[in-house]
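So, here's a batch of structures to check.
One chain, subunit A, links the two complexes that follow: it is found with subunit B in the first and with subunit C in the second.
What follows is the complex of A and B.
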């Protein structure tokens, strides 16, 4: 009897388990090698003392202290966070009404109209940024327009190489990526839900407040994951239109890596990763895992 | 109070583009009754219900409630409440929030809402689920929440659009009993849409049969079964043999119809004339089967035929009898009397007044 029992336990807890892990091994190796190993290397390098061209194999947390104590670093970190936050909030304010219009007010032609918000993405990312240089530049379209209208007498400098320019260009670059998730989210809410609310006496505004907005949380979560977090690492936009006030952490990482100061570059990269993970966890904590997939 | 007309629909037409969803619907709904609108999918029954709810505007025609014209009133100004096919529960809310929604919107004080919600949840027997999220409920429980959410507003008319459509058969049957009880306890008027004949027969005080945008007949179940007004109704409710023929003689009590060379007697109708095409519906259970011809007097249809097939149904057997003109007639015999086999020569017969004459 005890032999049989032992066999069963062996089978159940060892052999089956083992088979389970062995079967998944190729996938696990793939993920570990291609995703987690580079991150581990990054972390190890971030613990070496800062030096150009070579990595000195001594370990010290000094780089991490620098991030918090040296003004250059933490000011740019803060600036990055502010730029991305303001841009994301403005993006939601601009995109939600568009998505709402496409999904609810013009549902018959919504799919086709959505195409018009997506088409600009077909134009190369860098070309679009350069286009903004023409619009925002000191002798650019915007300043010329304002001068010809007599509103200003000499070109304004806040439009270009500024915080403002970075926010504007981020909004333009990422608008489709905010409209689409909200659109899909709103399209997924069955019409009968709105009809039921109306039948129970809710006005259009009450329906928006009690039904539509609360049910838009999955869209909001998508936006945080598709726009907010990736934009934290943005570096082309601040390089081309940001100037001094529009510097972001991506520029800093770029600067140290092109100087071959791998330790500082790795520290900043790892810090960015950590920050993104923390925000992801907070969002998941607030909205729940289901919101990632379900409506 | 009961028996008064609470809702009247007059000459209602509805077009969706070129598609005609409703054709000249006239309907009176009585106070306190449970009226079932029964019809196949696409027959217009849901459209009719949505027009009564105010969710859809009719192309032509009027809706009156308590003699007041409500055709152009928005849904929330009507004393009706709708239970949707998908139930349309608010997924972001708990059972309590769903049920309380209508009262909250109306700005009813919190303690009164609490009291009403408890009462209504007791009525539908789900008080213990009050703080559960609706996404965490079973199909039957969701059903009850949907009905509670509508009933809490005390609507004069509750409209139900195939609310049991998504549930399995066993649960549906349980809920039929429950719905019947609820209707009796609440005492308001219910209009219930379904495509399920059995559901209609179980629930309804009266049934309105819809087909292809028309309201074919309204009546209690016995009326519909025994006196179908159209071929569609005769076939849709229960089993029947439909016999088409031309009237050759009109008598005082019965008419004689030529049915592919056979004579058949059927009840006389007003406005019937020689040469008209009519259908005769005769239920299988009203046809007798025997080995020997029985002399049964005037006005009896009797035909010699051969059993070509039999279908054992438990308590009864359906025989398919082919008669001389080549037509096959179905007749049911109780199992204890079912002595016939395929290939037997038999006689089938029924008195003319067992049949129903239909002019379509």
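What follows is the complex of A and C.
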């Protein structure tokens, strides 16, 4: 009798194990074949000497030196880092008050309003970038407005085909996704904490500094995963509105791949991969996996 | 009294700020798309030239445009189906096991998710060149799935985690086997999460530009086709614009209805 029970338990256990393996194996193999294996090939090619149209199977780290010593490359790498940093910091500054308003002052409309801001940015990414050309362009809305107000006489060209335009479009693209983690954070703070603080005579500023801001830290971390890392590889926005000052690493990769200079393209991609992984691992090590989830 | 007033002022300032910021950054560019879709000029100049529906009618004269939308839809359906099949089992596994192997597995799945999309595009571009496969809609779809498997895992795991395990235990105690329990208890409970994962994956794949750009062949998807004609084909922008107005309207209404019915949670 007990033997039979044991058999059944063992059988169930085995079935469950087997089920897990059968269920998980295809995904593991898929990611291996279409992600990790290509990354390995990419790394090997990044070690070959730069050449158009063909890959010469000799190995040298020359490309990595090139990327860090030749101005054409490292200027654009620095530019990318600058644009993405500025956009991320501005996004946090712009989004936080919105999240605060929706979560703590008008919580009854918060969910709906957020839904209405997320829905329109879900699709048609490219045409929305184009719309900003109409706003920021030389004969665009912003210049017409400034001229009609008498603030300027000739259209300004700094708005468009510049890193400024890239930053603005990144803010447009990511604003709702940055509001969401802060919103969920702030909404999760129990009212009792605020009541206790006010009972104890804390001023509004003290409450903000000692309660609200520290408790929003997890939201801040997820912003790194939501905006900073993905936009490092941005390519459509700088090609459509970036001009010369808004060039990013994505444009560089595209340029070398379309010339079929695989070695340089692979080097830049591998560098971008390493950089992203290192930043992510630091964030995960410091603050745990939760930062990933607010996405 | 003074504190009361200043508190109210801050509330109003924040309300106005929220309205203006969302208005400027989100709705201003989108309303421009709507206005130009009925403005009687092929140029995007800040001037009203009268109402017209010609741009909407001209959509049907552009076979390449309609074809690109059809391609995007096919890819999105394919990607959603395959990545659901590959992404749901790991979601359960990751919630229900602990330990180092689980953590390593999680990282293994998450690395394609946290890095910029362009790397997936370039890596698969090189892969298809290396093994000598001609790029096509299929290669683009296969590359999309690399990202959408972890996307589904990230959407599903917190929701599976919040499932009450006693419901499944009760079902097992009453004699149901694992499969029946999954079919009759677990699946209905997480159906809304699965539906939102499917919708988000579909929308993401339909709209993805970077990965498709590097892994497509001659047949283009909607975003890549738009990119290929922007600034190159004269008088095409208003037609693209009219098309995108239709897409934004239809998808917004669909997502709103689904969200209202509790079938999807966007956040």
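Worth a mention:
We take it that the second predicted complex is superposed on the first by the 247 of 295 C-alpha atoms of A that agree within 3 Å, B and C clash if a C-alpha of one lies under 4 Å from a C-alpha of the other, contacts with A are read in each partner's own complex, and residues count from 1 in each chain.
Definition applied: contacts are C-beta pairs under 8 Å (C-beta built on N, C-alpha and C of every residue); 3 or more make two chains touch, one makes a residue touch a chain.
The structure presented is a predicted model; accordingly, all values stated were derived computationally and were not measured.
Of the two partner chains placed around the shared chain by superposition, subunit B is the only one that A:195 touches, whereas subunit C remains out of contact.
In the superposition on chain A, contact is made by A:19 with subunit C only, not with subunit B. Greater residue coverage of subunit A by touch, when subunit B is weighed against subunit C, goes to C.
Within the superposed three-chain model, A:215 lies in touch with subunit B and out of touch with subunit C [touch as defined at top]. Using the contact criterion defined above for the overlaid structures, shared-chain residue A:93 touches neither subunit B nor subunit C, since it reaches no partner. Residue contacts after overlaying the shared chain place A:206 against subunit B, while subunit C stays out of touching range.
In the superposed pair of complexes, A:236 makes contact with subunit C only, with no contact to subunit B. Counting contacts by the rule stated earlier, residues 295 of subunit A appear in both its interface with subunit B and its interface with subunit C. Taken in their complex, subunit B has these residues touching subunit A: 53-55, 74-76, 80-82, 84-86, 88-92, 101-102, 105-106, 149-150, 153. The touching residues of subunit C, when paired with subunit A in their complex, are 3, 7, 11, 14-15, 17-18, 21-22, 25-30, 32-33, 36, 44-46, 85-87, 89-90, 92-93, 105-106, 108-120, 122-127, 129-130, 142-143, 145-146, 149, 154, 157-158, 178, 203, 206-207, 209-210, 213-214, 223, 226-227, 230, 237, 240-241, 244, 247-248, 251-252, 255-256, 259, 266-267. Subunit A makes touch with subunit B in their complex at residues 190, 192-193, 195-202, 206, 210-211, 214-215, 217, 295. Note for the complex: subunit A touches subunit C at residues 12, 15-16, 19-20, 23-24, 26-28, 30-31, 34-35, 37-39, 41-42, 45, 94, 97-98, 100-102, 105-106, 113-115, 117-128, 130-135, 137, 139-141, 144, 171-172, 175-176, 180, 183-184, 204, 225, 229-236, 240, 250, 253-254, 257, 262, 265-266, 269, 272-273, 276-277, 280, 289, 292-293, 295.
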